[in-house]
Amino acid sequence: GGESEKSSGENGGSDSTETDSGGSDSSGDKGGDSEKLVIGFSQVGAESEWRTANTKSMKAAIEDAGHELKFSDAQQKQENQIKAIRSFIAQKVDAIVFSPVVETGFETVLQEAKDAGIPVFLSDRAVDIEDDSLWATFLGSDFVEEGRKAARWMVEEYKDEEGPINIVELQGTVGSAPAIDRKEGFEEVISEYPEKFKIIKSQTGEFTRSKGKEVMEAFLKSDGENIDVLYSHNDDMAIGAIQAIEEYGLKPAEDIKIIGVDAVRGAFEAMADGKMNVTVECNPLTGPQMVELIEAHLAGEKIEKRVSVEEGIYTMDQAEELLPTRKY
Amino acid sequence: MSAKTPMLRMDGINKVFPGVKALTNVNFRLFPGEVHALMGENGAGKSTLVKVLTGVYASDGGTVTLEGKPIQITTPLEAQEFGISTVYQEVNLCPNLSVAENIFVGREPRKRGRIDWKEINRRAEELLSTRLNLNIDVTRELDSYSVAIQQMIAIARSLNVSAKVLILDEPTSSLDTNEVEQLFAVIRKLKSEGLAIVFISHFLDQIYEISDRITVLRNGNWIGEYMTKELPRLELVSKMIGKELDVLAEASSNKRIFKGGESFLQADQVYKKGKIQPFDLNMNRGEIVGLAGLLGSGRSELARLLFGADKSDGGTIKINGKKVSLNSPKQAITNGIAFSSENRKTEGIIGDLSIRENMILAIQGVKGWFRYIPRKKQNEIVDEYIKLLNINPPNPEQLIKNLSGGNQQKVLLARWLITNPELLILDEPTRGIDVGAKAEIQKLMLSLSEKGMSILFISAELEEILRTCQRIAVLRDHEKVSELENDNGITQQDIMKEMAGGM
Amino acid sequence: MIKSRLFWPILVLVLILLLNLFFDPGFFSVEVRGGHLTGSLIDILNRGAPLILIAIGMTLVIATAGIDLSVGSVVAMAGAMAAFVVSKPGLSDDSLVPLFTALALAIGLSVVAGMWNGLLVSRIGVQPIVATLILMVAGRGIAQLITNGQILTIYYEPYSFVGGGYLLMLPFSIFIVAAVLALALFLTRKTSIGLFIESVGSNPEASRLTGLNSKNILLMVYIFSGFCAGIGGIILSSNVSAADGNNAGLWFELDAILAVVIGGTSLMGGKFHLMGTVIGALIIQSLTTTIYSIGIPPEVNLVVKAVVVLIVCLLQSPEFRKKVLGGLKSKANRDAKGVA
Amino acid sequence: MLKRLNINYKHLPILVTVGLFILMYIFGSMRYTGFMSSQVFLNLFINNAFLIILAVGMTFVILTGGIDLSVGSVIALTSMVAADLIMNAQLSPWLVIPISLLVGTTLGLINGCIIHFFNIQPFIVTLAGLFLARGLAYLINIESIAITDPFFDFMAKTRIPIGDSFISISVVIALVVVLIGVYLAHYTNFGRTVYAIGGSEQSAVLMGLPVGRTKILIYTFSGFCASLAGLVFTFYMLSGYALHANGMELDVIASVVIGGTLLTGGVGYVAGSVIGVLILGVIQTIIIFEGTLSSWWTKIAIGVLVLAFIVFQRILVVRSNVKKAAGANNVDIKESSPPLKTKSM
């Protein structure tokens, strides 16, 4: 019963090969790197590999810079995250970093942080609050854009073919922002070709491999050979689905084109094996960039309210070559 | 008296349980200012009739009229609202609530809208001490008291309302003479106030002492309604069992004294703080020893220590001369001891299991997990005991919770007899058992002791003890005060003197 | 037939399957594909294997009036443990040593987990729901500790056979379920364990006074539940060739309890019905599969599930049948009479 | 000694629990700087106000031997309804609040009726309630809805100062609910019937108590508490979201049980449950202050702390019960100790 609690799924972003570049950030020099800062970091949880990689990157960057980290894991619960931020305030940390579980609901506690004079940095997910003085900056990616990218690749791939192209979609956890946005972006693009592309089935795989496999199995049972494309909101579900396709007796990536999001190592392996076509990247290794932003802000520099990062997209042919460089 | 019109009438009552026809066309009339005894063997349908009347069970036919108006009662709550107050056969109170609360729950006195606890405790104490002569701490939880006390509390609850009808289903089954007298005094008073009272008991003496009218049921059938004065005892019994049989005479002629064999168990200065003072007890093979004492004198506590149901705080127990430790029932059972608790509802029956399973449970416990008695063998054993103890219904797969109280007790007895113990401890084994069966059980005890089994027998009925026991240990205030040889000279009076504090 | 306790659950199961037939006429067909039998029915059995296993263990725990919330975490732990052994790169597919090491360690760990629960409940006297809640929380942590927060991917073929292989044309996991079910049936029918469990669950104090060692019985059922969950975890991880410490077996405890209750076993302890549980688990699994295959939008999944659960339980309730269905019937009768 | 303090032995488990709570708090204060501040203590209430409200309702349910799994989902549904009505339907808060409160109350009433009339196990009925409420929340909107309403803002942000520190309005609401809960449990007919049902439902029926009505009321009350908690949660989050409070039912049940209530019913106190909530809160605060635990060590640490607490609680309670039993004889049995449950904490 119940729902998987991974309201956040995956996200983040920037070009994977140069992880600490950071799009348009204005960190510049490290503000004299004299002081030892205490940074409170409230992470969503450890619900996926992506998330674990993100945590590791953040921890390593903060420690490498010689600052003290107060880490708190919210076990995917917003209320825990609010508690963590409150106790960071009580502990009088110098800066708070957090990856909001949900976009809404942080107003009160952020106000408390502001009153206590502690700057707040959002990581990988924005918050939906009108008063933007409540946080210093947001470093992260754009899920809607990820969805668009996936769709654009598909449109390009099928540009010479006649419709209708039947798509099945594996959604993330119902109601989670990545699931909603990746769906929205994807649908936005394909709605330009209403005759050609059709999503015939869409069901949640709760971002997990085993659910991805189970749902794909059911799709195959009911629609079998009709399916042309699988769009999966993350790579893990896609990997599970690949197994289901193989067991059903079809060839993944050939009989059914497979699009994932995240660009985790597993996806590269699958692509290198010729079982997956493409994955839209989402880079979790944002730690160093975040540290730079914090230092810059505390040093009094003006930083952008939103620091977004470029997102890559990787296809089968690049996989072999890039696989050894993947860190997560 | 017959000129009066009945306050309550039940006509043509039927009740069917899956597989059992519990009541067939039963009639019942209840007159104000009268005590009406409902008589019948175990499983005759007495409790069922009561429960149909009070809305616990829906009847499958028949009518009920109260004061001339036909009524329909579907829940005990409604019964209460009609002025019918009931003490059910098994103690039906809440073990987690205090004594006072058990008496008042549902109709607590209030002060400014909220429950007045001081008042509840005061009134409960008063009610118990003035009407039932029971002085206990009413703020303690119910389950810290023995079954007999619980029974008194249930009675107190039923008295605490202004009712028109009072139903008492075996209220006296574990009370001793004094308490019964208290109760009867109360009943007489209520009767004179015009209450109609239903009284169920298997004690013929009590029936003849208190009742004015008797209705007899047999096998769910209505046999007849009689004036107590006009119905001789033997006739009553034969109406109940359906044949001419002089069981009572037979049973009392059974009194025989065996000389015990060598010692089986010796307890030396065994005690438990707050429960029972250090005591010595010697049980010889083939001997029946009785434990006598007033309510709460510690008889059950003593028995429980010998069985390892509670851990003793000190003292030694030897079996066959060898020192043993009895820290759990399991150890006691492997040492050949069996114990049938007085509290059959909470410490005896396993309600969800069948008669068969309840019976073989103890012997299977001895055999362990993997030496499972084959089903065929089980059926043989169970059939044998169903016949021996005349258990009704004789269907081994019936759930024990659906049996009448007396029949449940028989199943529990069978459970222990099957293990063929060397020492059998029986705490109020005849509680709620009908006259015929009681005689059977006494006979059984005698024949078992003849075969070398020693039996420790606890009963509130001194007569029963005198009839069967060779030695009688008397307890007073949690202390064993004396041990009497049951030679012909001894009378109930002698024992009572000891119990009350040697005058 | 209607009297049988299994009648209503089976009826619901059949109805759910028939519903599928309506959407997909080939639903009941079983065909040979690539040397094994495939078809929706077999898929349901295969996919439902872990749930059935866990629910079997849960049945015995519930029969003692306990509950085991930790099964989901034990699933994750067992999967993580096994994957930890067989996900090392460079294992040769020819050697079966890693397979057996993995199975032994995974099952060992889950038995230890079960024993831990059992000891807390039986020796320290902690209420089952809290006792197992501890492992429910901490177990996932342990699983992630083993996998270091990663999803361990397994490339070692023999391990994948456990949950993904075929024997005699049927998925191997079906055989595992059959074996564990047979074991459970044997233990509870051919030994006295079943009787003792019901006795302890129905009236613990009376059982103690009858000389049953209720502590050992409690310990045993929790160990067995851990064992079942462990095997479930192995099947699950083997089936997707990966171990996910955080998500494997998430919310399994609720589904397992649901299966047990649908199967007719009361949470108050006492009588239990293993076959009922199996049917209950199959109902849940077919429902899930149905939701996926007939294209119900994911937002509605839960509402559908709620409705089906309620229908199953209402049908099973004699009071409901009497009051509502009986009411309808007698009304129909009355109407009929009125017309006549 | 206990007698001199005029403490009833029945209150011992709860005293032990309070004692352990204080010990844990002292442990945290010695180990972490800033832990000892009054604000950290008050945060326990601010952060857990909704849990406290849920726990009050759940205590009644568990006291009857039942369980209510739907509360977490009802929070989500209530927050969703409130957010949707305020933001999309543009209703006034004075309409929205009663409507939202009706959401859980109605669901609770339905739960209770099904449980009572059709005699179905509470676990399964409320599990269906869990699915249903969350499913309905999804149907309203799968995205979260931020609330920007002056009244909600006021409820969320108002700080009631206490010395240098502050509490929120929600804390006041929670404490009022606790007081009502204690009053209901110990000074009303309804409350005593609840205990009686928990002690033995069958007996309660035979004693002529209104068992059916009480059971239905219990689930209705729990549903009401869940909705109220949902509103408080909405103030806390200022948003409606279908995934809110996922799995919270287990937190509540755990708090209630840790607070000394027996799942089999009949034994426990409302106040105990509140302390249970605070204990889980302290455990979490300790872990956050520790600040170095990775995600998985966080889980393991929660497990270990809960374990340590439970085991100590058991040992202390069992010990004192043994002493009590031993001492009972030295004291005259008939002497009355202070009235039970009158001073219900």
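A, B, C and D label the chains in the order they appear, each numbered from 1.
Please note the rule applied: a residue touches a chain if its C-beta (ideal position, glycine included) is under 8 Å from a C-beta of that chain, and two chains touch if they have at least 3 such contacts.
Keep in mind the model is a prediction, meaning the values are calculated, not measured.
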Taking each chain's C-alpha mean as its centre, the one farthest from chain A: B
Rounded Å distance between chain A and chain C, as computed from the means of their C-alpha atoms: 33
Whole-Å gap between the CA centroids of chain A and chain D: 35
Interchain centroid distance [CA atoms averaged], chain B/chain C, Å: 45
Set of chain A residues in contact with two or more other chains: 1-3, 5, 45-46, 52, 55, 174
Residue list for chain C, restricted to those that touch at least two other chains: 144, 149, 254, 258, 299, 301-302, 305
Sequence positions of chain D contacting 2 or more other chains: 127, 130-131, 134, 138, 142, 294-296, 298-299
Chain pairs that touch, as defined at the top of this document: A-C, A-D, B-C, B-D, C-D
Footprint of chain A on chain D - complex, ascending: 32-35, 37, 39-40, 43, 46-47, 127, 130-131, 134, 138, 142-148, 156-157, 233, 236-239, 241-247, 284-285, 287-289, 291-296, 298-299
Of chain C, residues touching chain A in the complex: 23-24, 33-34, 38, 40, 43, 47, 144, 148-151, 153, 164, 236, 239-242, 244, 246-248, 250-251, 254-255, 258, 288-289, 291-299, 301-302, 305
Residues on chain C engaged by chain D in the complex (per definition of touch): 65, 69, 120, 124-131, 133-135, 137-145, 149, 245, 254, 257-258, 261-262, 266-268, 299-307, 309-310, 313-314, 316-320, 323
Residue ranges of chain D touching chain B (in the complex, touch as defined): 10, 183, 186-189, 192-193, 195-196, 198-200, 202-210, 266-267, 325-330, 333-342
Chain C residues touching chain B - in the complex, by the definition given at the top: 190-193, 195-196, 198-199, 201-203, 205-213, 270-271
